[in-house]
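Working notes for the structure below.
Chain naming follows the written order as A, B, C, D and E, and within any one chain the residues start at number 1.
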Amino acid sequence: MEQIKKRAKKAGFSPGSRLHVGEKNGGSSVDETKLAVFDYDGDNLSEHAPKTIEDYLSIEKQFSVRWLNVEGIHESVHNVKILEILGRHYGFHPLTLEDILNTNQRPKVEVFDNCVFIVLKMLSYDNDNGAKVRIEQVSLILGTDFVISFQEGTGGNVFDVITNRLRKGHEQLRKSGADFLIYSLMDSIVDNYFVILEMISDKIEELEEDITQNPSPGNLQALHALKRHMIFMQKSVWPLREVLSTLERNDCKYFQSTTKRYLQDIYDHTIQVIDVVEIFRDMLSGMLDVYLSSISNRMNAIMKVLTIVSTIFMPLTFIVGVYGMNFKNMPELQWEWGYVYSWSLMLTVVIVMVVFFKRKKWL
Amino acid sequence: MEQIKKRAKKAGFSPGSRLHVGEKNGGSSVDETKLAVFDYDGDNLSEHAPKTIEDYLSIEKQFSVRWLNVEGIHESVHNVKILEILGRHYGFHPLTLEDILNTNQRPKVEVFDNCVFIVLKMLSYDNDNGAKVRIEQVSLILGTDFVISFQEGTGGNVFDVITNRLRKGHEQLRKSGADFLIYSLMDSIVDNYFVILEMISDKIEELEEDITQNPSPGNLQALHALKRHMIFMQKSVWPLREVLSTLERNDCKYFQSTTKRYLQDIYDHTIQVIDVVEIFRDMLSGMLDVYLSSISNRMNAIMKVLTIVSTIFMPLTFIVGVYGMNFKNMPELQWEWGYVYSWSLMLTVVIVMVVFFKRKKWL
Amino acid sequence: MEQIKKRAKKAGFSPGSRLHVGEKNGGSSVDETKLAVFDYDGDNLSEHAPKTIEDYLSIEKQFSVRWLNVEGIHESVHNVKILEILGRHYGFHPLTLEDILNTNQRPKVEVFDNCVFIVLKMLSYDNDNGAKVRIEQVSLILGTDFVISFQEGTGGNVFDVITNRLRKGHEQLRKSGADFLIYSLMDSIVDNYFVILEMISDKIEELEEDITQNPSPGNLQALHALKRHMIFMQKSVWPLREVLSTLERNDCKYFQSTTKRYLQDIYDHTIQVIDVVEIFRDMLSGMLDVYLSSISNRMNAIMKVLTIVSTIFMPLTFIVGVYGMNFKNMPELQWEWGYVYSWSLMLTVVIVMVVFFKRKKWL
Amino acid sequence: MEQIKKRAKKAGFSPGSRLHVGEKNGGSSVDETKLAVFDYDGDNLSEHAPKTIEDYLSIEKQFSVRWLNVEGIHESVHNVKILEILGRHYGFHPLTLEDILNTNQRPKVEVFDNCVFIVLKMLSYDNDNGAKVRIEQVSLILGTDFVISFQEGTGGNVFDVITNRLRKGHEQLRKSGADFLIYSLMDSIVDNYFVILEMISDKIEELEEDITQNPSPGNLQALHALKRHMIFMQKSVWPLREVLSTLERNDCKYFQSTTKRYLQDIYDHTIQVIDVVEIFRDMLSGMLDVYLSSISNRMNAIMKVLTIVSTIFMPLTFIVGVYGMNFKNMPELQWEWGYVYSWSLMLTVVIVMVVFFKRKKWL
Amino acid sequence: MEQIKKRAKKAGFSPGSRLHVGEKNGGSSVDETKLAVFDYDGDNLSEHAPKTIEDYLSIEKQFSVRWLNVEGIHESVHNVKILEILGRHYGFHPLTLEDILNTNQRPKVEVFDNCVFIVLKMLSYDNDNGAKVRIEQVSLILGTDFVISFQEGTGGNVFDVITNRLRKGHEQLRKSGADFLIYSLMDSIVDNYFVILEMISDKIEELEEDITQNPSPGNLQALHALKRHMIFMQKSVWPLREVLSTLERNDCKYFQSTTKRYLQDIYDHTIQVIDVVEIFRDMLSGMLDVYLSSISNRMNAIMKVLTIVSTIFMPLTFIVGVYGMNFKNMPELQWEWGYVYSWSLMLTVVIVMVVFFKRKKWL
């Protein structure tokens, strides 16, 4: 919901205007934009962490591939400036720069003459803020010999896997070109979806146990929160399928045919994620039925108690009422064993009732 | 609903007959048709507000692009005349003129030899009339060096953004051709959708709180009103996708390739709007479940009270009934502490019941 | 339902056999087949109403376009004969003749070498017969210079609009060819859908008010009747879309390119009708939820009354029971103000209960 | 369900193995396989009923078209042998022979070099066995000058129509080739669907009346049985659409272009059947809502009675309880008209209650 | 659910890393990987069971086709080694090896220059572990003259059918090439689906009987378990359709045209499986309605008992209360037959009530 509100802010600004309209990500916000540069080839690796964008431009590219990772793209004059400088340096389209700052993009790919621009969604599980799934945007730009990645927040450090692999000298990654790097980044993001799905799977199982054993209105809200999570996730993952099949099919010079085989692999994983999300949605719908029928069952249980109590005590109260009448001529009242007789009468009624309920399986 | 009724009026008129069949828009109706003319190029801008259509025709085009904005297209002989004169002057097809007056069109695009005709829906939030979303039609005609826009009402002044930009000399807008102007108009309309969605999002949140805390039949009606809003919005936005992809794909001479990149941007925004509308529909369906289960829960609560009261008082009433019997020979009645004994018996029953309910978690 | 039953009758007859299988339309049935002939060009118009088909054949075509309208196609030897004679005269395919008599066709178009055959559904609102929508079939045949139209009944006189236009000398209609006439007929049929939709819209609004204010089982049946109307309407209109896009796209010599622009107009209207029908179906589904929750609310109201009454009177009955006990030693019974004391005790209980219910917002 | 079980039997046999896996059709099972041969041209017709397949092969083809109809294809060594002999004689593919015996095929068409193989479903209404719809498979093979048809059972004698037409010398059928014969067979099968639909329509109407007037749990089961019928029917008819459009579009030498026009006719009928099946499914879903709300209404009625009885008698019981108290000092008890006074008090209470219920429209 | 959890484990490993991520299949786990080699042509067959992969490589291929079956692919260093050696020997792509170990693949086919790689799901019914359906992955690799199959577990010995056929010298299988072998393997897997469906069909019937006769909350859970089974099954079978149509359509040199006809046969079976799965899902949804309405009916029954008891005993209790009043002047109390009179009064009330209930059909 917050995303929609923030998006509305931008209405009225001229197209191509670079105002960050994504939600300023609470939990994982990076107050200062962090730059990290990796220059590498099969044999060498140099790492830099320039403080400013001007510093970055002064670092000359040493080896065959350069990766610039920008963390913390959020609404600030500072960020707009960084993007403008980078855009001018590399010759990006103004709308591309706008898309990077507008973190409500759907996953998409755009192929330009000088680069490929990819927008993805990175999911992370926010344990601090009431344990909800946070969706961050990651924008990737692939040139002939460089990759620039923009992260909204820290993204739960999903890219650490790649930086470690670079540092440890993972052969295939270091020896392949920029296209294999961008594939690796996308792969790490999609792989992370499975981690999120596992966490959600745990939550669903917990909730299911709760609902079958002790349904409460809170369960229903948890159920709908999970359902919304799945809707948002679906909206994040679904367009990714198109992105990947576009990249594969496209005769794009930036991807070598050997790398395309790897893109097919991510594509398969994406389909798996979509399948699981659909299964989860089906399961959550099923749990709603279980919840509603649990409530009905509980109502039935209450009604049974009421009916049993009423059905036993109403005849008894009637009997004692009868012998509370003040008729002059009531033979039973004069009997020696009248009182005992009345008790045995009432006991008989109770026994009959209990047998009746046993038969109806209410007891 | 009113739209359908008004539409029926026209049945029986010959095709191409120009009778305005849109709803005479209550809140924002413009009683007199207002014309506004903007002639501009990169350096110059002249603005006119001709009183009549004849006045307009006498204003000679001074600079490279002309924009004529007509506000207040509603059923009147006057409007039909304006359109006929404009149609003859620019050579528009009679059905195009009919489509402009029939404000129940679906968004669509039609490419002619001498112009491109686009129909869009402009949404505005009507705070005066019970806070509902109003849908107005905007028809846009793009020629080589002119744009004519027809608004049903004032459209919540969505175009003010563009007129301001023109006056302030926004570089890209002023230096580009008529195609960039028409893109800007469409962009301002689509951007405004996000404003509307934000307002609806607020309403949904309010309603959700209401439903979980204090469900009432009124909530259900509010829910269904919102659902209908979403249906109408979907019907307004969905065909826009086709319109934009037609414009992009078409080898239409009126759009330069640089502008097409911007159309892609509106297309992306339209998809975002559609996604949000779908999410809202899903959320509203979920809220219906919550509402229905709230009612069930309330029923359960009522039943519990009834059952507790009955289960406690029925045995008590039975006991006092027993000692109200008039048997000659009832030993308890003669006991010194009989009355106290009966009270302790009843107290025991109450305690047993309370323990029972505590166990069932009804208290 | 009747349609299905009548259709079954025909099973067993050889293909191409001409037995009218449509429902003999009760309210608007035309017992005798009526023929009407219009010969016209831009300047002239001659009208005939031949009694028999042989009479018709003897009338020589005078002007550029001939329109023969046949009203009242229903199961009779007479009709079969008329069709056979017409078929032989104009050279129609035997299956075309069968399709005209079988009034359960889906809307469709078939292009032959010598003519175009179009089947449409004409809707009319039957006020006499319990106010339901009646679906009649209209078959249209377009040759180079003639149009033949077959109506099941009188179709609520939808074609009167066209005959009036012909008589009044509507310029475009009189000067254009047979293709424009057939377009006008189709346009009048589709325009009439909006009239029907308006009537249904009124019914839906009435029903909605009824359901929210005073739900009764009768409402539910009215709701389902309306739902079925919408289903039947959808089935009648949906295939029309295909028909029109086939006509437009086809390189059919019978339609001039200027007329095709007008077909696009009907196509747009058809889509509008489909949209409205879908909106109505959504609204009716929503009203079912409202109805069901109204019933639940009513149950809740009943339960509340029961619970309030029980909760107030059970303790009171208990108290009076206590002082109806016959223990020898009950001090209260001997008090001077005992009776008054018991009443004040009971009043206190009532007040406590009322406060309790006020808090629960049950009163 | 039985179909699935029988199908499982075959798992484990080698592909192309000819074991009949269809359900041995109870009611209409033909214990012995019956062969019927029709040789005909425009002028002549000879009929044979060979006892064995060897007999059949010895009958020389006399006239232009031969039709062999095999009734009673069920699991027996005998049938396998018949098929093997026929297959060798005419050169059919082993999988075709397997498909004929496996009567759980979906409708399909396969075009070979020497023949066209079509699988259809024939529906018949089984009045003896609890009035359910029985689905039988019919396999048709079309060669240049012969047609072979295989029926699972007798199929409710659907083909009698065709044999009668042949005997009576129906001109078009007798003069056209084998392709028109196979069309006629398919047409008789599809026409029979309408008969089945009419019977189902009757059942739906009956059920509807039952549900609105006197809902019982048995209705629900009848409803679901009908729903399943519709599902099975949909599965039988839906693929037929593809079969027919394949036959029409295909440049298959076995169908003359004049016959293709007739195939289009069956195609239209198939679409009509599908439409009706969908309408029935929608209606059955609607009836479920009616049933469920009927149950709710009944519960409401019960609750009303309970509430009315309780609300009237609880205050009365309280009042008589008051005057059953034993306080020494109770003035009313001593009044001359005390008893009458108590009755008038109680009458007042009853009147107040009745007025209250009248207002609530519960009485 | 377990599948998703296991999949998450792999996130963080480099692409193409071979770690088995499938669930270690409990019931049917094969602790040691088992290899089985079949070399055969029309006349000869030699069988080997090499202990290690090195042993396997040393066995020279003797006859025209070789089939290597590897059972028990689960997470172990051992398996990774086997795959690496096989991969190097036959020249498989590293991602293919990864896909074999990752047993959460969707069914898919990939055509390489030197082989065709197919992933399928084998279903087996696990009677030991609470009778649930187990899904195992089978990977098949087809080269010009060899087939390698990898099974996760033993797959309920589905392949035994094929090995037996090989040993018994099934003519078609032994004389055809590797493509016919791979077809036979796929056919045995798909045929086995019908066995599973039959078992599920039994379970559904059992459950249905249970629900209509004696609904309990446990039924609902069984229902949802079955629904999930169907979802998982659908996800396993649905993509198989694509796999098979890809194989058929593809101009793949590995499949001879004669074999393609057989692939069409499996395709048809797959569609049948999908149809049955859809029918089952529809049936299970219908059973949910039956279950929910059973609960409602039960509630109705309880309410009826309560209402009957209350409606009979409340008036009786009121009457006995009346004659328990202590008014000085109550004529009835003094009557000789007052007591009898009161009993007849009460009997009358009971009879009236019973008649009332009989009319309402509550008794």
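Throughout what follows, a residue touches a chain if its C-beta (ideal position, glycine included) is under 8 Å from a C-beta of that chain, and two chains touch if they have at least 3 such contacts.
Everything quoted here is computed from the prediction, not taken from an experiment.
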item	value
Same vs different contact residues, chain B with chain C, by half of numbers used	different
CA centroid of chain A to CA centroid of chain D, Å	44
For chain A paired with chain E, centre-to-centre distance based on mean C-alpha positions, whole Å	27
Where chain E touches two or more other chains at once, by residue number	296, 299, 303, 306, 310, 314, 317, 321, 324-326, 330
Pairwise touch network: line, ring, star, complete, or other	ring
Parts of chain B lying in touch with chain A, wherever the complex brings them together	161, 165, 170, 172-173, 183-184, 187-188, 191-192, 194-195, 197-198, 201, 204-205, 212, 261-262, 264-265, 268, 271-272, 275-276, 279, 282-283, 286-287, 289-290, 292-294, 296-297, 299-300, 303-304, 306-307, 310-311, 314-315, 317-318, 321-322, 324-331, 362
Contact footprint of chain C on chain B as seen in their complex	1, 4-5, 7-8, 10-12, 14-16, 93, 95, 98, 104-106, 108, 110, 217, 220-221, 224, 227-228, 231-232, 235, 288, 291-292, 295-296, 298-299, 302-303, 305-306, 309-310, 313-314, 316-317, 320-321, 323-326, 330, 332-339, 342
